[in-house]
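Which chain is which? They are A, B and C, in the order written, and residues in each are numbered from 1.
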Amino acid sequence: MLLNVLNYVGIAVFAASGALIGVRKRLDAFGVWTVAALTAVGGGVARDVLLGIDPPASFQHWQNLTVASATAFLVFLFHPQFSVLRMSVVVLDALGMGLFASTGALTALHHGASPLASALIGITTAAGGGILRDILVNEVPLLLQSTDLYAIPALTGAAVTVASSWWGATDTRSLIAGAGLASGFRLLALWQGWRVPVAPQNVIGRARDGLVRLIRRR
Amino acid sequence: MLLNVLNYVGIAVFAASGALIGVRKRLDAFGVWTVAALTAVGGGVARDVLLGIDPPASFQHWQNLTVASATAFLVFLFHPQFSVLRMSVVVLDALGMGLFASTGALTALHHGASPLASALIGITTAAGGGILRDILVNEVPLLLQSTDLYAIPALTGAAVTVASSWWGATDTRSLIAGAGLASGFRLLALWQGWRVPVAPQNVIGRARDGLVRLIRRR
Amino acid sequence: MLLNVLNYVGIAVFAASGALIGVRKRLDAFGVWTVAALTAVGGGVARDVLLGIDPPASFQHWQNLTVASATAFLVFLFHPQFSVLRMSVVVLDALGMGLFASTGALTALHHGASPLASALIGITTAAGGGILRDILVNEVPLLLQSTDLYAIPALTGAAVTVASSWWGATDTRSLIAGAGLASGFRLLALWQGWRVPVAPQNVIGRARDGLVRLIRRR
């Protein structure tokens, strides 16, 4: 029950992020809806394609797309008001991400995927929608750029879910451990302003220069 | 028989649209062919991946790709002449779109997809190739922008096909109803210049301002 | 055994090309890893999705992703040094491409795909990772532009593998014939500087002008 509610919260938050970008890119109503819907269910559809679940759950059942469509409609009409909600959207998004990483990994395990495959499918479920969103609006995916931590918390959560389940924990406990860790890690990283570094300029060159300076000083 | 002819007409028109964009982007012969082929069969391949038809029909049989390749070759050589055919290409494209939306939806129904999933797979079949084309040439998909109606007629046609089939109509009748409605709706929208609106600037702000003005006037 | 080594060489070279582009685009460490990993295993994942192998082999087993990750890590640290290796990377990339085109085609044949579908899946395996890489970093895929020959050698190799296998050759011989031809063709094209032409400006117009001039001269 709580899981279902959290799932719809996650779908709604992902849809809102897609719809806001669609509005900012001046897409028409249908374009906003498409980007919102694909952001919301894209990760789950990728998970189902990778696992051979045909047709994907979000196509087969009406609930996910209904939540996404209603959210897209609200954002389309009231988008200036949504920027006020910024902080709460970030927190809800962290919850949705954690949940999707864990449920994606667990679904993969139940379909006979290896532990490694399950963790990777977990992160695909959590991050796939956002990557699809950025490709559709013709941007380099935010996930790949040096902004705040997103994929690493998702991967951690998915790995913890897989490990718990592998070592005999019940589904509920694996989910709570994985989703809680992923969401908490994400919020902590946001609060502390942690960043993933970009590539260093010239490791060998700088090491050589440092060595040369060290030798000359003697 | 007529269905087959219409299918090849649809494939050829979609391939021509892909090839024209490829030529305009100064791709080489192979690039023009790739974009043309993926535009032509991309929607059908997406449909087959979502339905678990492995390998996709357009890979498995030679006809679709042959039609697409021949069209790409003609456009590659005679692209200035193709701009003259503009109006007839638009009409043929509307026919192809309507047909793909209906056959896609019907194929999904026959593979046990739910009515909702079938309608969504119908629109994926009709619009998937065009979205793939625009992503390949690094543009925001035309479908998402405020141009003429495309996805909404496709969705209408797919929905009508699913509903007819669901209420006991034969395949042929469902197809004719769905494809005819989608194509007709599309052509009517083009003729009348209908547009999907973009997001309004500030619904609440304007409502408040209107209210304030109303009150002051009294 | 040799096949396995060549497979890892191919994975490593593809991962290096993805990582280098990621570094050049100033992605963070995670972004560089993602682009490298998707470039390396993307073609194989596309092959498995098209063939209904669920979950894809590169997700299910740890070797491919480990090789890709280690390569991405080295490139991330020592990217200025990798530009020195340019020529050897080009040669190794040709070997990897030839191998992936052949093994992709053979895997498809073994899963009951038609000869045409197998050749197409072969080229998807060889070229899919590079296309995915360019879409992720928001560029028009290099493969589609008028640079050196890449897809045509891959297609030739895949077709030769399929034809050999179809006419009764053992798997090993089909692979050697296909991979050797694809890699050799690619290296020859690079050495000779062969290009695929872009679309001619106006075939009919120029033919008419030529005819007019011919008539006037008389």
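Heads up, the rule we're going with is that contacts are C-beta pairs under 8 Å (C-beta built on N, C-alpha and C of every residue); 3 or more make two chains touch, one makes a residue touch a chain.
Per UniProt, the chains are A, B, C = TRIC cation channel family protein.
Because the structure is a prediction, the values reported are computed rather than measured.
Taken as a contact graph, with one node per protein chain and an edge wherever two chains touch, the assembly is complete, since every chain touches every other chain.
Taking shared numbers over all numbers used, the chain A to chain B interface scores under half, which places it in the different class.
The centroid of the Cα atoms in chain A and the matching centroid in chain B are 29 Å apart.
Chain contacts: chain A has residues 49, 52, 135, 138 touching two or more partner chains.
The touching residues of chain C, counted against chain B in their complex, run 49-52, 108, 111, 113-114, 116-117, 120-121, 131, 135, 138-141, 143-147, 151-152, 195-205. By the touch criterion given at the top, residues 22-23, 25-32, 34-35, 45, 49, 52, 54-56, 59-62, 65, 76-81, 135-138 of chain A touch chain B in their complex.
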